[in-house]
Each structure stands twice: as C-alpha cells, then as structure tokens.
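What follows are several structures.
Across the two complexes that follow, chain A remains constant while its partner is chain B and subsequently chain C.
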Partner chain A sequence: MIHRNLLLFRGARYLWWSLVLLIGSGVLYATQGNVQPPNGGTWQGYVLGSIGALLILWLTFLGVRKRSYKTTMGSVQGWTSAHVYLGTALLIIATLHAGFQVGWNLHTLAYALMIVVIFSGFFGLYSYLNNPVLISKNREGGSRAELFAELFELDKESRSVSQKCAPEVGIAVASSIERTTLGGGVYAQLFSGDESLYVRGTGAPVRNIDQQGVIDFVAERLPRAQKGIEAANLQHLIVLLCRRQAVLRRIRRDIRLRGWLKMWLYFHIPVTFALLFALTAHIVSTFVYW
Partner chain B sequence: MYQIAIVGAGPAGLSAAARAADRDRRAHKDGKGSTPSYVLLEAFNAHAKTIQRYQKGKHVMAEPGFLDLRSDLEFGAGSREKVLARWGEGMQKGGVNIRFGAEVRKIAGNKHAFNLQLANGEVIQAAHVVLAIGLEGNPRKLGAPGEDLERVQYQLDDPKEFRDETILVVGAGDSAIENALALADQNDVWIINRGKEFSRAKDANLSAVVAAIADQRRRLNCYYEASIKSVTPGAAGAPPLTVVVQTATGEKTVQCHRIIARLGGIPPRKFVESVGIKFPNERNDAIPELSRHYESNVPGVYVIGSLAGYPLIKQAMNQGYDVVEFINGNDLKPADHPLLEYQFHGLPFERPVDEMVERFQTLIPMFRQMNGLQFRELIIESDVIVTYPEGAEHEDAKRKMQVLNKQLAAKQPQPRATRIVREGEAIYSPGEFGTSFFTIVDGEVILEGAQPPHVRTRLGRGEFFGEMSLLSGRPRSDKAIAGAGCILVETPRRMMVKLMNSNEEVRSGIDWIFVVRELQRHFAPFATLKDLRNIAARVTLRRFKAGEVLFKEGEIGDSLFVLRSGGVALARGKGSEQILVAEVRSGHLVGEMALMGDPVRRETATTTVAADAIEIKRKEFLELARREDARLDPLQKDVSKRVIDNARMQVRPEAGSLMNFLMREGLGEATNVLVIDETLCVGCDNCEKACAETHGGVSRLDREAGATYANVHIPTACRHCEQPHCMKDCPPNAIRRSESGEVYINDSCIGCGNCQANCPYGVIRMVYDAPQKRGLLSWLLLGGNGPGEQSDYQPSAAAKEKGKKAVKCDACVGMDGGPACVRACPTGAAIRIGPEQFVDLVEERKR
Partner chain C sequence: MEALLRELHQGPDGIAEYRDTEISGAELTIGSGTDQRIQLLGTAVAPEHAVIRKSGSKLDLSCRGGKRVRVNGEERSSAHLEIGDVIELAGHQLTIAEPPGGFDIAIELRPNENIDASEFESAFRTDLGQTWLSKRPAAWLLVAIVLIVGVVLPITVIVMHRAERELPAWVPGDEFWNSGPLSPAHQQAAGVRCDTCHKEPFVRVQDDTCMSCHKTIHDHVSPEHLALTQLGPTQRCATCHREHNEPASFLVNSSDAMCVDCHAKSNEKFAQLHVEPVSGFSAKHHPEFKAWLLKPNVPPPQTSPASGGGQGGGEFEWKTEIAALDKAVEQSNVKFSHNQHLDPDRVLRRGDSQPLNCADCHRLEPDGEHFEPITMENRCAECHELTFDPGAPDRQLPHGKPREVVLTLQDYFTRKFSDPNAGRPTRERRRLPGREEEEQTCTGAPFDCAMRSAHAEIENQFTRRGCVGCHMVVDTKSDSDFDRFQVYPIRFARDYFPAGRFDHRSHQIQGKLTGDAACLSCHKAKESQDSKDLMLPAMGKCEECHGDRPAVERVAVQCVSCHSYHPQLTVAVEAPES
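On to the complex of A and B.
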C-alpha cells in the first residue's frame, strides 16, 4: 500500500500518542481525592486545563501549518492525522478538567463551543473519508469540466432535433435548456436544489424538477405524432433529454458532494475563533476570581 | 574584385563585415585606396533575418556568459529591438558595405578568384568567401505567378494583427496549422493543403486542426488536394487578392485579403555542397569539416556561425571577427583561449594551451579522427578532472585552484576550471543520476559493480566510461573510483549527443563499449573486454519507434533483447482480449525465456516509447553461457520469478489495464511522477498552492487536468523522464538533471518555447514572473490574495521586460523535506513515486 489515508498515517502513530495522553489524564483525574468533587480548581484540574488550552492553541495552529509551505516540520498529512486524534482526545481531557460540571456560565459556554468545534470536525473527517470515493464514482474518471462539455453538446443536439418537431416541442426544449438551474446558493448546492423551469405550450413557465416535466411533455406528444419522421425525431429527442437528465444529475451530485466537503470548514473555523475568545475569557475570569 | 565576400548578414556575417570595415578604415588612414576591400551580401532586405523574425519584444540572451565578446559590434542581452538597433547603429557608424536583396545562387572558382553569381544575374568577384548563412534557409515560395505580391506573406509575426479578413494559409505542416488556428480566432481562414490529410503535423496539431475544421463554430475550412495556380491583385472595391485555386474538382476562383504561405525553408545544405564543401555524413545536423581557421575543404571558402555548428550569437560574432583576421594573416588566439587556460590550470605539468589540446586528442583514440575545432569545443564544454595522492600534493593543487577560482569568481557566470580530486575518491556512485561521459586521458579508473560480487574493472589511458547513463538516461549502475595519476575529461550529455550525431567514429565507439559492458553486466561479469570483443561484434543494435513490436506471442524465439533505452510492454492474448502482464524498462532483458527453457514466445512485446535494444541470438548467448565464469544462476532465478509475475498479472486483467493506462500516461519513461488517489483527494488544491508558494507564485502542476483510471489520477505535472524530451532542443542548455534525478530549468532560459513544444505530456508553461505577495500573517489579518497562484496576475513592467520563461516541476530539487505538493497534501492522496513502485501502485488497487 503506498497511499494511506490520514487515520492510518504512519501506522496510526498519533492514535497511540492520544491514548497515552488520555491514560495520563485519567490518572490525574483519579488522584484528585475526595476532599471536594473533582473540578478545575485542584492542581490536577489546573494541569488538565493547561493541557486542554495548549491543545486548543496547537489544534488551531494547523491553519497556519497548512499554509507554511516551506517548513520542514513534518508533513501536513501527519499534522492533520495528529489534529484528528488529539482533537478527539481533547474532548475527554476538557471534560475531565470540568469534572463533569456544567452550568449557565462563561465556562460552560467555552466548553460548549469546543464540543461544537470538535463535532463539526468529526463531520469533516467523515466527509473527507467518504465523499472523495463517492465523487470519484459519480464522475467515473471524468472531470467536472468534461461533464459540462457533455452537457453543452447535448444541449446543442437537443435544440437542433427539437427544431425539427412541432413548434411547442421546440419551445419546450429550448426553454427547458435556457431555464435549467445548477448550483446557486448554499442551500441549493448542499441539497441539490432545482429551480429549473420550462414553457409548456403557452403561458408562464412551469416547474421542471429533474427535467422530468419536459421529458414527460415530449413523451406525451409521441402517441399523437402525425408522420413517421416526426415520431423518429421525438424518439431521438427523448433519448437526448434522458441523457441530459442523467448528466445533470451527475453534475448536481458532484456539486452537492463537493459542497459538503468544503462547507463544514466555514462552520468549523469561525466557531474555533469564538472558542478562542471564550477560552481567553474563561482563563482570565478564573484568575480574577482566584 | 573584393578581398572578402561575406555571404549572410546574421550575427557572424555582420561581425565579420564590421571587422573588415575597421581594417579598411585603418588602411585608408595610411592613404591606400578608398574602395572597401569586402562586401556583405544579404538575400533579405534587413540584417539578422532570423532575429528580425522573433516575436516582438522577445528577450535575446548573451550565452555562454563566461565567453567574452570579441567584435566591433556591440552585443549584450536585451530585447530583440535593442539588439537589432545596436547592430544597425554599429553598421552605420562603421560604414559597413552591405548589399541587401543580394541572394547568392552559385559560387564558382578557386582561392583568389571566386565568382559569386547573384539571383539577378550579376557576378561578384572575390579572393575569399566567408559563408555565414545560418541553417534557416530562405522560405520556399508559392511557385505560381503573383508569389511576390505584397499581400502574399511567407511569415506571420502576430496573428492578432489581422481581423475579419479572408485569409488563405498555404501548407500542411506545423507552422501552417499553428498560423491557421491562431488566425481563425478572428478571421475567415482557408487552408490550402496539397495532400488528402495533415500527415506531416505533430499529433497535437493534427487533432486540433481536424477538430477545428469539423467544428461549425470555428471560422476555419480546408481545401484538400489543392494548390494555388495564380494570384492577381483584386479589382477596385473587391478584396485585394484574386486567387485561382486548383482543387480536386477543378479550378476555383477565390477572393481574399491575404495569403500566408508556410511551405518550409530550402535547407542551405544543398547550396553549401554545390560550392564543393563536404559534410562527414548524411545526417541533417551534420556540420562541415573545418580547419582551426574555419576554412573548409575548399581552400579560400570559410564557414562560420550556426552552419559551422556554433548556434549561439556570441560565438558566431567572435568567429566573424576572427575569420577576417585569419584571412588577413593575423593568427590571433581565439576568444576562448583563456577558458582553456583555466581548464588546464590544475594539471601537474605546464604546456601551451594549443599543444595540450593536441596532446589530449592524440591520447584518446576515439577522438583522434575528430576535427580540431570540434575537439577544442568539446574540451571547453567539458570538465577536466585531475587526481592527486592524498597529502601535500593534493593540498597544494587544491590551494592553487582556490587562488584561481577566487579570481574567476568575479566573472558572472564563473568559467570552468580544473577539478581536483583525491586518489581513491568516487567520481560517481550507483543510483546517482548523471548523464555525462568520461574519457581517460591518463592514469587509471576503477569501475566497481553495484551488485555482489562487486566485480572491479580497471580502465586505462584512452578508455572511457559513463556511456550507460549517457545512452539510456538511467542512473549510474556502478561506482567509478579515481585511480593513480588520473586525468579525466567529463563531457556533458548534450555535447556528446551532438558529437555522436556528427562523428561516426565516436558513435560506433560508444555503441560498441555499451554492448560489451552490458554483456559483462548481465552474463559474464569476469570476462575482459578482449574476451567479449568477438561476441560484441556479432550482436545487433536495433532501433524501435514507439508502438513497434519486438516479437509476437506464439512465435518461436531465437534471441533475447537487452533494452538500452526506452520501455517495452509485454502482453498476452490478442486484440481486445490483450492483457498487459509486465513492463520492462531500460537496462533489463526482454525475451530471455526463449533462450532459457521455453522457446515459444508467451507474450507480445511492444515498445511503449521509442527504444534502442541489443539483440543477442541463440548462438552468441550459448557462447556466453558456456563460459566458466558465466552468471546464469541469477538470470535463471529472474526468469522463474518473471514467469510467476506474468501469470499473476494475466489472471488479474484489471491490474493489467491499469498498468496499460499508466504506460499510456508516459510512466514507461518516467522516473518520478505525481500520482493522486482520487478516493482520498478532497480537491483542496493545497498541492497546487504549495507549488506556487515555493516557486515564485507560479504553480507547475495542474491537479484537475490529466487522466484518471481506476481512481488513479495522473495530474499534469512533470514525469522527469529517463531521456527528457524537453532537453532535446534547448539553445542555452538551461534544462538540467540533478544527481538525484530531478529535471529542472535554470535561470539561463531564453523563453524560446522549444521545451514546451517537445514535451509530450504538456507539463511546461511559458509565463511571466508573478508579482511578490504579502506574507501569510498579512493575508490572515488583512485579507487580499491568499496562497497559491493568482490566475489573472498582472506581471510587473520588469517581468514583462524579462519576457515569458519556461517553468516546469523541478520536484523541489534542493528544497529540504522533498516535494512541497506531497508535503502539503492533508489527506495523503498525493504521492510521488518512481518506477520501482508502479507495481505496488497496481497491487494496492486490489481492494
């Protein structure tokens, strides 16, 4: 095996690091004794808190390391692998630091933000491991540009065949091509929103979700075809439209899968910064009340 | 009657004329005569035709930097316009006697009485003739009435100059196609093709032009089997040209604005031969044999410039100066004289430079037949290596060279000087990439095999080594150790290739030693050269084009092949059922099973890229195998392993088709290739960004482009080929290979674009320098342009002045930590692998 995913980097080296760190933290937690319920105020609590705070800073630093292209400090894959394992460990370390205590206060806010960041990270990890396989399968070796090239080719062909059919077919096909939507806003990208329309005979455009409307419309004309040649053209056109539908589905799926692959970062990063502010406030306030 | 007639007003001819003009001026001061003693004849209507044809603003380089200019004209690196203007001024100031539009058709007569017949019938008489006509030749004309009309052009400077015109492009070669495609963006273009297809064109051009002609939206059409019968100026109000075209279906009259004829040049060789000058062989790039004074075999006719094998402007100008001095009896030392002095400075004895060059040449049998000028050039381009025993002598020599190198450090770039090596030191080690060639002038060198039993061979005076890497592009396979009293000449590959093309003696010498050493390596490690001489003479060296078949499945085999360069694919089955079972790279055996056990060929062997192979027949093989010291055991083991491997691949056809894909993508000749696993790639483009950020803001890889098969994506990025196509034709020799194998372009690139055209994988780009960006922190805090290449960056004025330069992946040579693209991949999708890992890559697809 010469390609390894980020969890398996160097035989999952950082999984073992994290486990060691967790065992150490567990021991610290257990030695807090029974004087008072375990919390962040004991010396063990301070140590655990410091480890957690340093971990957060280091985890955030991945954003800088990823863009430090000249550094020889490990590879970005190694850093990412460590980021995942140590980030997961942080979840437990911070919980131990808090001694399982929560409340409506600044401290719990920092804790909650951290949970959000970590779980959004889990989602990201899932997408990183899962989506590339789906994207690759969906494209079957081609690129997105090739899919679009195929689409434009089909557009052209459908238009020219539809010109040879009855005028309303021509209008329906031309309008369906013009009013096909792809992508769009965040929602449309992530959930394959489809605002496509087409003109059915006369009047205002009607919905054409998944291009099914226009396909049905053309198919309905077939039984009423006057001449053999018209039927042949309609048959041809339906095949073209179905191929077009399949290509559009692929492109939409590609947009969706790639969207999810990127979108979580737009959440993960800003919440991380919110966490940094909350963490600073948490530390400062702790020392103020000391 | 002139004393000198100079033919051709390129850099060489201009410089010669300027020298002659200066000599005249000095002579006239003494009050002797006033008519010029020379004439410069130029067929074109301006000086330096080839440079005039460069694109506007093109940067002209002054290579080689370490050679001083010796000319009455000025020359330095700068834009095309500046260089031409400076020469123009120089000619005017010197009052050079030049005649434009004077095409020389015929040269007859003898020394002191030559007759030069011009195209207009006039005859010019001269005592000596200097041919400085270059290699371009004059463009072939239409060969129909009207061929000289103003709007019938034989070149195209800038296709954007014309808009909404109807243009006929005549020709079916690459330049015609490229012109037609460029013009068709904003003009109606008709190609006039004499044939039925575009058979002479490069593949890329062929598919582009065929697609464009078929495409209704492109304004490009073609008349096949057509030629131009006549051209006349159009009537008033009509388009300016009326053209009669002979087509397959009869004559046709066409109105157009312009004709661009790209029918190639008339190569000057025929003309040169008509003068009586002999070439050593039939090769296209052969150069005539010349004396030290550039005099050809026809006494009184001198040849200088690129026609004499010196393609660089500065060399040509120096020769122009020198040749006029030589003709006038002044035997001055050439401008390259000091360069040789530095080269010989570290030798243990002192002799005049010319004597030393002569002595070197007589000591090396293979070079004895070379012409003196060529050998001199070879030494200048080479490194001279001298060994001293450890201790005072070595220290002393090193000190002596340090002093010289300190003086030379002031020159930019620094000229080469003797290299001092300690006795017993390795000159190269196995695995190093090096394509230079070594000749032993004196002393001895020990070659030590990389594989046990580490056989040692001693080489002495006149022998040579390093030919395997030179010919195959593979890394060194043995260790070369400097012995006692060694004097070596290390010649770069480029020089050797040029030499092998022009000198049969050298070519056959190197071919022969290669065969002998391969026989030694594979079959008889302890045999001496003498033992093998006989067999080596009986094996054949065969050349194959890409896609040629060495042997077919089912045939009875009678020979084996040692692959010298290129690659071979072995496949079983026929037609669409064919399954690729193995790929063999240079340095390995193909078809050896037929001579060891199974005489029936079990595979069809096809070359994946152009290949050279040594074919050894059964008789010679048995002769080798019967030797007492024959090395058959490991060979047989290899065969057994190969049989199993091939069978394994046969039962896994999907692995075979992946291998096939990899071969199609050029991995058969790759040494280091970027492979992306699509199931891991998240498309973050951090690889491209890393590339741009570590290479002046311009990415050398395009992640998304490139082919994909079975989730293996080969992006558009350099493969670092064994025999890099890009290196083939680089005028300033700017493309180099490092010892660790990376192929890179250094700062001396002149932006000619040859490498881009030669690369079959489209990985070289011509770009302006990108502007400097602010740091990462500034981007994080203030925004603006983030990491990575800005697709629409605006080059600075300085970058524009410098011009577009070729950029390609250098595999981050010299950068700590290895390739930035791989180090920056967060998911482990991007890796760089060598040929030894291709099988692993195929194996991992099992899951």
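On to the complex of A and C.
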C-alpha cells in the first residue's frame, strides 16, 4: 500500500534524518539567549534561517522531480517520504528561527504562508492515507466510469419502463433523470450537495434529494395499480430507481472522497509560490535594513 | 418551438432503427448534461454546449462561451441553420430536415456509436478541476499580493523617503519590513522612517548614526589607549545594543561573554595597558577589589603670614592612591571612632536619647550608591558644639577658619575685659588639668589681660579641648597666635570603587538583615576604633550571595551589574572639603 511505503519508506529513513536535523536545530536554538533573546538575527538564527530556506527550496523541488521521469535522483516515493518528514521538520526549524516572535510584518507573512503550506500538506497526507482505501471500498473494486455506465444504463431502462406506466409516472421519472445533479461546484463536490428535482404531476419541479422523492412518488402508485402488468411495471421501476439511488450515492461519495483527496493541493501549490516570493522578499528586506 | 428529434440507430441485425421524440420548449439545448433537450455524450461535449433558437422564421445556432461545433464541415461558434445543414459534434451528426406539419424544426440525429456509456461522466462536473478552483491563477494572485504589499510598496516608500518626498499618512510605509518592535525611545525618535537609522540599503547601522543623537556617550577605550593594544577597532554599537527584538525593552546585550572575550586575555592583548585579567566573578576569575583612596601630601609646616594660616601652611595636595584592601589605610585626617559613636553607653542621639544609627550620619544620595558628604555643619554640629566659655554658652567658634577662631577669641576677651557693664571684668578663667575651673585674677591693663586670656584659650582650643578633638593640629611654635597652629584639612573619598557600581539601596535588605544590621554585615563599624580603618568588604563578602552564573541561593551578577561599559564622567574621588 502506497501510504505505508510513503511514511515507512526504507525504515522511515527520512524520519531519522528529520529528527537529527531537529535535534541539531534545538541545540542551536538553546545556545542563544545569553546574548540576546532568541531571534532570527543571531548567528544561530541565521543558520536556522538558512536551513529553513534551503528546505523550502528543496521541498518545492518535489514538484519538479515529480514531473521529470527520466531522472535517476531517487524514486518519487522516496522524495515524497522525505518531503513529508522534512516539511514537518521545517515547521519547527522556522519557528525556532523566528524565536517565537511574530508581528504584523512581511516576515510573519512568510511564516504564515509556510504554515498554510505545511498544514495543507498535513491534510493532504491524511487524505492520502485515508481516502484511497475509502474510495476503493466505495467503488467495490470498480472504476468511476463503470459506475457512470451503470447509471447510464439504469437511466435508459428507467425511462423505457416508465414510458409503460401512467403518464405522470413517466414525467416524474424522466424529469428526475433529467434533473439529477451530480458534483457541480466546489461545495457540491466536497459536501455531496444534491440539487436534484423531479416533476410531481403538474407544476414546478420539487426537491428530489437522494432520489427519495421520485421513489416515494412511484411507490405510492403501487397499491392503486389496477392491472397486474401495471403493478409489475411499477415494481420493476421501483427496483430500477432504488438501484439508481444506490449508484448515485456511490458516485456522490466517490466525488466527495476524490474532491477531498485533491482539495488540499489548491492551497498547497499556490501558497507555495506565494511563499517562495515572500521568502525572497523576507531575506532581501532583512539585508536592506541590516 | 416544437421540434421533432429522430434518432437513428444501427439495430443488432444491421437494420436501421429510429426513434422519434417530440420536444417543445423555448429553445433546443444541446450538451452532455442530463437536463439538455438533446443529450450528446462524449468528453468533447460540454454539459451545456450549444443552443438552437427560432428567431422569426429562421433557426439560429449559437455555442456557449468558447465552445464550437462543425457546421457543414466548418468550425463555427454560431450559424444560421438551413434545411440540409449538418452539425457535427464529437462524432455525433445532427442533420436539419424539413419539419413535418406542426413542427418548427426536425432534426435527424446519428449518435456516435463509438461513444462508450462510461463517457456519460462528462455530463457532470465531477472533478475540482472543472470548478472555479485553479492552482495557477491562485498562485499568480497570491504572488502578486505578496509582491505588491511586501516588495513594491515598501520600496516605493523607501525611494520616496530618500527623495525627501512627503507621503500621505495613510500609506502603510516600509514598516511592513519591520522585523520587531523598537524600544519606545527609539520608536519615538524614528517614527515610521526606517531610514532614520538605516541610512544606506544593505549597510548595517553605523555608529555615527547612533552618535548623532547620543552625543555624550564615551567609548569604552579611548583611541589613544586602544592604539597601544593589539585590539582591533572597538565593536559597533549594535554589537551590544540590539534593536527590533522582543521584548522591546531589551536593548543591551548584558552577557559576560562580550567583556570576557577581551578581558580574559588582557595580559596578551592589552600590551602596555596594565589591566588584570577577568573571566568571571569569583576569587579565581576576578582580581580582588582595590580601593581608591585619597592620600594627603603633607606640606612642611610654614610660618609665613601670607599662608593665611590654618591650612597647614602650604597647600595640601590630595592624590589618589590605589591600594589593596588589606593594606589600605584611610588618611582622611579625621579623628573618629565608629566604635565609640555606635556604643549606646557612650553616645546617644540628641533629642530622643536613642543609640545612633548608621543613617544618622550616612544619608544615601538619590543615586542609591553614594552618600551625602559628611561635614561638620551638617552632621557633627548637631552634637558637637564649638562653645568655649561655659559662661557664654551662646558663643561658638567659627568652624574651618583657624584665623577667625583666633580673632573671635581675641575679640571675645577684649570685650569681656573692657566692657564696664560686664560682671567681674578683672577675672579670667583658666582651665587647669585636674580642675574643672579656676578663676584667676588679672591685675594688668584690660587689653593685656584680654590678650593673655585669649592666648591661653587659643592654645587650649588647638591643643587640648576644641579643634584637636577631631583634627590633627601641628604646633609650629610660632610666636604669632595666627601662625602657630596648623590644622590638617579633612577629606573623605566619595567613591572607593569608582570603576564599580554598587547599589546601596538594593542592599539595605539582605536576606533577613535590615537596617543597621545590613550595613554592619559588610562594614565592620562597631569594631573600628580608628578612622584609619577602611571597613570595606572584600570580594569574598559579595560571593556569599552572588555568583557569575545562576545557582541555588546565589543571585547571578554579570559584568555590567557592577561595571559600566561606557566610562562615566568621573565624579568619583574628589569630594568637597570638610
């Protein structure tokens, strides 16, 4: 499993690297203080800051490494493992560099951006550890395309069966299919928003959350069915609609899990670029006003 | 608009099948979405791709933003449709046909049979990448914000400041680059102008800039002295004085390391300057204290009337002498016993008859370190009057002016012997050893009698009873009463350790010791019989409570706790005459 390999890559080799780096940084930090309060301006502060800046550059370089397939500089898996551990170490190293001092300034802005990047990374790590398992469980081994193909078939079948029923049933089922929403905007994808509607007899479409409305509508027709064939059709239709409901649930859940799996990157990547510029400005401004 | 849609399929047996659907609505939407009137599948088909509208008798096709279709083999985003036109989209073919009666439009649809049902997914937005979220524009936006706020704005402000251009008050300025708060005084002086101190970009704050305000501060070592050593130039102000730190009140690097760096190797580095090495505060690492004493240079007794008398003839010169504590002898010229004054059996305070306290004579100055100079007038006179005639207790001799003492006595006795209203004018008093008072009768002329009495009393005051009680008096055996006695002046050192700072105030309470007990714990006044005793504690006394590093029951002190890096203007050794 990828997530095991990610954290336990080569016996968590980079965990140990990070711990050694952290211990070194802690010692550096502790040797400050008798001259002036710990901050980025002591020689220890400069060293910690340099380590932090180099780490940020290297961590950013994962984006390049991921895309260069010909390189022989270690596996992407190893790089990602190191990325996680050293990124976590960066959080502490940068905090020590700052000497826990914050203010409304460029320096803290760079720090804050770094925090956003690292914590979005933590969320990404959490998602990569959890969601793939949930996704594959939800799909039961199939692919998303298969779920959609099934949905498509069920749509067609439902339409054709509903045509054989009373007109209002036909309208309700056709409208429920037409007005089924899946995914959509950011909120709808991440929180399985369901704006589905169906036409209940006449008038404006009504809510059809989780397709329950149309199922109930059809089910209510069942006791009133007069001919055996009508009841059979309705029953068949209910089975189809319920299967459709189940498939839609799976697809919604799939969209949601995949959405959360990717969501963090929309913070992680853009903020990383902002961080690179803020970091450069931080370093340059420090030496402009040396 | 009424439309007829005929879907053509290849049946399983190769025979064409078709299915007709009647559609009515204001417009005919085409796309992959389930809500589209004509749903076409395929990744190249947008959920809402195109729309056909009827305007008058014509049919218009228009694609949604950025989308295109092929009309009669030509890529178009909009078109007027005629009968027989063929619209192609992702392999699907729509042919406009002659509408049967009752329909406005008839479309023959040949769906792309190769499109898999799985492509049905494209009918929905199922990926975050299909939403407004995007990494690249977000990155650019954030980068732009960072650059504007973090770079462009501050640099603009810097350029404006350097060009001495006024900026509106609302402009945030370059304080966004401020790495930490300034100490309040510097904040007040600098305001929002970073270039008050940071004169040149990429150049560290120069000492000249500090000195432009701190004009009276002195260098640790004078340039002349520094030239004698192998030390480089003195450190920058900012080496010790760090700004933009938290807490904002932190402005002085008080670590010993800075001092010890040079002073531990003073033997090697200071060359001709003889400074004992120091590497800490303990017997091993710090030289024993040495007292700065005032040493009188006693001139030979002179008898010249021009000397004015009273100042020991020639000028008394006081020189500073530095001596080890165990060999130091106080040479203030005063005769005084602390032991006697602190003995309640012998001395009680005037007024409330309580034993004397240290503070009765030694009053701390506002600086908390030094004491008010002790003079006859402000301390001793409270108990020690300069009366000379028990018969005239209101008359006192002037203090500090031997010539006037002589004149006063002569005047007093002249009047006493010549005043016709005075009782028993012919008697003169003479005090003899063993007898309190004896009166003798003078039978001569009143002036002679007066001079004789005055002469006797002058001798008495300078040798037995008055001045000589506290002062050292030299009898020059001169015939003139004015020149005969020379009184040594008294001077007390104001500061025995001018190179050190000691806060008496904070030491008035030492653990459980308070009041006199605290004073006496360091100054052995009760055992001192003689004013030659210095009574200064050695370093060991400090070490009872202090060390150079934090320890249990020890108060840590640093070099700068007692020593000042910047030399103070020395008020130290000189003191007003007493």
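In this section, the second predicted complex is superposed on the first by the 285 of 290 C-alpha atoms of A that agree within 3 Å, B and C clash if a C-alpha of one lies under 4 Å from a C-alpha of the other, contacts with A are read in each partner's own complex, and residues count from 1 in each chain.
Keep this in mind: a contact is a pair of C-beta atoms (placed from the backbone, for glycine too) under 8 Å apart; a residue touches a chain by one contact, two chains touch by 3 or more.
Since the structure is predicted, the reported quantities are computational estimates derived from the model, not experimental observations.
Visitor: I'd like to know which partner A:Val133 touches here: chain B for first, chain C for second, both or neither.
Guide: In the superposition, A:Val133 touches chain B alone.
Visitor: Tell me which partner A:Leu151 touches in the superposition: chain B (first), chain C (second), both or neither.
Guide: second
Visitor: Regarding the shared-chain residue A:Arg258, is it in contact with chain B (first), chain C (second), both, or neither?
Guide: In the superposition, A:Arg258 contacts both chain B and chain C.
Visitor: May I ask you to name which of chain B and chain C touches more residues of chain A?
Guide: It is C that touches the greater number of chain A residues.
Visitor: According to the stated criteria, A:Lys66 is in contact with first (chain B), second (chain C), both, or neither; which is it?
Guide: first
Visitor: Quick one: is A:Ala30 in contact with chain B, with chain C, with both, or with neither? Answer first, second, both or neither.
Guide: Neither partner.
Visitor: Could you say whether A:Leu54 touches chain B, chain C, both of them, or neither, answering first, second, both or neither?
Guide: Neither chain B nor chain C is touched by A:Leu54.
Visitor: Is A:Phe277 in contact with chain B, with chain C, with both, or with neither (first, second, both, neither)?
Guide: Touch status of A:Phe277: second partner only.
Visitor: Contacts for A:Phe9 in the overlay, against chain B (first) and chain C (second): which applies, first, second, both or neither?
Guide: first
Visitor: Taking the two structures together, which residues of chain A meet both chain B and chain C?
Guide: In chain A, positions 144-145, 258 sit in both the chain B and chain C interfaces.
Visitor: Quick check: in the complex, which residue numbers of chain C touch chain A?
Guide: Interface residues on the chain C side: 34-35, 116-121, 124-136, 138-143, 145-147, 149-151, 154, 158, 175-181, 194, 198, 201-205, 242, 244-247, 250, 253, 255, 257-258.
Visitor: Using the touch definition from the top, list the residues of chain A that touch chain B in their complex.
Guide: The contact residues of chain A facing chain B are 1-6, 9, 64, 66-72, 75-77, 79-80, 127-128, 131-133, 135-136, 141-145, 258, 261.
Visitor: Going by the contact rule set out above, which residues of chain A touch chain C in the complex?
Guide: These residues of chain A touch chain C: 34-37, 39-41, 99, 101, 103-107, 109, 113, 144-146, 148-149, 151-153, 155, 177-186, 189, 251, 255, 258-259, 262-263, 265-266, 269-274, 277-278, 281-282, 285-290.
Visitor: In their shared complex, at which residues does chain B touch chain A?
Guide: Interface residues on the chain B side: 677-683, 686, 689-690, 693-694, 704-705, 707-709, 711, 776, 780, 787, 815-817, 820, 822-829, 831, 833, 837, 840-841, 844.
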